[in-house]
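In what follows, chain A forms one complex with chain B and a second complex with chain C.
The block that comes next holds the complex of A and B.
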């Protein structure tokens, strides 16, 4: 269903890099990547996953997962844990802890605390653990500053460094607007995936382009990087990738 | 023991159906042409942003369609606005067409179709081309309306409607406590009855200070009317339902928003949506939230951008969490002048972003190439909600025209050039100046990189 896109991104392995960042340009929807990665992690036996829902509700990932051939409800509470910030805000309204910060903690600090608590309770029982955060730009909307978001990502990156087999995957929308933050967050990890639109217009058979940058060896003086560019098309039940030039205009 | 199990089919929410393409529950936007463009209707839990044209005429028409559809489908309605008078807007909803009228209209359109078939065509091959999608809307959900006439007040009488116009603003600003009279909910159910009694009920919504007293007056009017009217039972229930949100406790939104209007509006929407009948999975009712001219200069202050993004984020959270759909109209051309970076940020927080670019007041109004249309419709965003892939319309080159009775969205096409003349050559050159050079899909990305080679 989504193997090809994960293969192209280098995310189909059991052991993932410590920190992965997905940059999403304005007017492009890269949520399918989160659904694809989530499905891949859930299929690995005894691999824990923590989903932090900031842009979509858990229900969205459940429905998208069903389209991709997996049922998140089976895993929820076992290998899958969810921090659904959006649902909390909807049910508790303006008195929600994410908006009020009752303990004097900022939104991002509160979120790090909750993530840490989840990791503490679940990491030991699992072979590997993945934290998926969708998406960082919502933190800006909820009043977090650039510094706070950067600190938040840094805390998560250090969490990944502290523990083996722990991966943090973040996504940031409107990366062209939040470019400095986007670059700084991307520098924390070894893999960066940019979801960009087609500059030449809209094409029925291609939705956009994935630019994949992977740090192979970070030496003292030089950094060896691998770059890849693929086109993608999100279908109803799968995601297809093409190499540039493969798709032709059918007359 | 038998393995037979009786199949229990859940009753669908009134005015909704399951989309065969995405398996989502969808509801009509009110305009059948718009429904076709967005894949049958708006998915439950989605937010549709209509970016207003400069004179704010066409966006309001779509908002009226949205509200009128809610009234006919017996869905609950929340209408909020600072620029318009919500009660007045509700009173001017378009009248639904009867089945006979619909059939007549269909017959008329078929007849015109026949004449064009028999008449002169530019080339016979055009007969094989599919007709414009939007003209053949499958209307299993949704109704047709006549913009020339207003909805019968008796229809509104039975509609469950809550309006917000910030008439209680004095209660928010001040000592930090919410007074009990801050409820904005004035049911439109009361209006026809008040009108029946010969009262000027419109004044109730226009004078905020006298709102509470006027509300009480209307209730007394209702009670008097109830005594004389035949349907006494109905009147009693509507008065009760109109005051139901007022009794619920509210949270002082001082810390969350700089501008207390956002907090007030959001609080009222959340109170409305927390009703048990809108809980996802129960499939009882659907709430239509309509906010017109959100982000207009009346909303401006020093922290406009920050408050607006926070408001939309929280609104998105609330709308997605229950059985509701939301339609927002925004003057995006003004917001872009305030802060250009706000435009993509706002679009990211909605599921559908549709811009209405009206020709009124521009050079195109008199341009021969555009004489058929009132403006262009740009689809800026369509996101996949509760599914993986989003529905893509056959074409994104769309135009709209506001006819006397209806708002029509069609595939945009330039008129045929019948003869070459210096005048035509000039107009073609002018059209080239205005229109982006033809390319794949074109109007989602206008003139981004005209000279660049194709990406694929």
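The block that comes next holds the complex of A and C.
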């Protein structure tokens, strides 16, 4: 269902890089990548996953998973744990801890505390652990500053460095105004996937383009990088990828 | 090699990176220092996890000072293996190369005022030999990032700007007040950074005012007018007196008075009674 896109991004392996960042340009939606990665992680036996829902609530990922051929409910509470910020807000209102900032902690600090607690309790029992955060730009809407978001990501990156087989995957909609934040988050990891729209406009058979940058080796004065470009189309039950130039008018 | 240009007597070195190499900033500077034979023991860094607390900045300053004092004591105790080395009774100072975190990371945890103050204290510290700061404009998300970067440039004595993959510029402020702005072409591999000076006006030393003569002779190649004068024309021009010069020729001022027959000239001073 989503193997080809994961293969193109280099995310189909059991062991993922420590920190992966997905940059989303204005006017495109890269949420399908989160669903694809989630499905791939859940299929690996004894691989733990923590899903931090900021843009969509858990039910969205359940629905998306069902279309892509996996059922998150089967894994929830076992290999899948969820921090559903949106649902908490909806059910508890202003009394919700994400809005109340108890103990003087900011929203991002509270999130780090919760993520750390989840990792502490689950990481030891799993072969690998993946933290999926969708979407960092929602933190801006909830009152976090750019610097707080950067600190939040640095805390997560240090968490990934402290432990082997722990992967943090973040997504940020840069909305064409958060580019420096986007760059600062991307530099924390080895793999960056940019979801960009087509320069030529809207096309029925292609939704956008994925620019994949992977740092292979960090030298003293320059990095050895691998870059790849693929076009993608999100269908109802799968995601297709094409190499640029493959799709066109056939006479 | 780039390290020959950067590891000099100048104390505060700012590297402005337009190429998004921020992830290897620490390695980059570390390699420059190692190329110039600076030992690992003389290099001090601030771990990114400690940037939140002001105390860790103070600790770095104290550490440089304390280590220096301790080393001096061990030197006095004739421990010749310890740094600094005592040569003929004179103890050399153990001075440190401080590699600061990138400006984007510093700004993430501290205010610009504190960062400037900290750099200034490092600059004034006699135990610090060099301070390196890396700034990538693409990563600066502060509202006043441009002003902050300009402030860092003001504090720095050596400013390296990595402009493109093959081009860099280096502004050097010498203690005497001289400023040089040179451009270099560069060849970068993973382990080497070779630079070659570029010829041209940008490679000259401090910017000089062009002389009026050179301004006169400067003629755009595409001009259809003949601006230059040959020798005969210059002589003819100088010999020519323009009309306004003729009318304004200086003449001796004099009053011509022809007395009438009836004029009575009195030799006495008419104002004598005024006692002037």
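Note that the second predicted complex is superposed on the first by the 248 of 251 C-alpha atoms of A that agree within 3 Å, B and C clash if a C-alpha of one lies under 4 Å from a C-alpha of the other, contacts with A are read in each partner's own complex, and residues count from 1 in each chain.
Operating definition for what follows: a contact is a pair of C-beta atoms (placed from the backbone, for glycine too) under 8 Å apart; a residue touches a chain by one contact, two chains touch by 3 or more.
These numbers come from a predicted model, not from an experiment.
Superposition note: with chain A as the common reference, chain B and chain C can be accommodated side by side. By the document's definition of touching, neither partner reaches A:128: not chain B, not chain C. Contact with neither chain B nor chain C is seen for A:72 once the two complexes are overlaid on the shared chain.
In the superposition on chain A, A:35 makes contact with chain B only, while chain C stays out of contact range. Once chain A of one complex is fitted onto chain A of the other, the partner contacts of A:218 are limited to chain C, with no touch recorded for chain B. A simple residue count on chain A separates chain B from chain C, and the partner touching more is B.
Of the two partner chains, chain B is the only one touched by A:26; chain C is not. Looking at the shared chain after the overlay, A:206 reaches chain B, while chain C stays out of its contact range.
Within the superposed three-chain model, A:81 lies out of touch with both chain B and chain C [touch as defined at top].
Superposed on chain A, the gap between chain B and chain C at their nearest CA atoms measures out to 15 angstrom in whole units.
The interface of chain A with chain B does not overlap its interface with chain C at any residue.
Against chain A, in their complex, chain C makes its touches with residues 20-24, 27-28, 30-31, 48-49, 52, 104-105, 107-109, 136, 138-141, 145, 188-193.
By the touch criterion given at the top, residues 146-147, 150-151, 154, 158, 179-181, 183-184, 187, 215, 217-224 of chain A touch chain C in their complex.
Of all residues in chain B, only 21-22, 251, 253, 255-256, 263, 266-267, 270, 273-274, 280, 306, 309-310, 312-314, 316-318, 320-322, 341, 344-345, 347-349, 380-381, 383-390, 392, 396, 439-442, 444-445, 448-449, 452-456 touch chain A in the complex they form. Residues of chain A touching chain B in their complex: 26-27, 29, 31-32, 35, 56-57, 59-60, 63-64, 67-68, 86-87, 89-91, 93-95, 99-100, 137-138, 140-143, 173-174, 176-177, 197-206, 209, 231, 234-237, 239, 242, 244-249.
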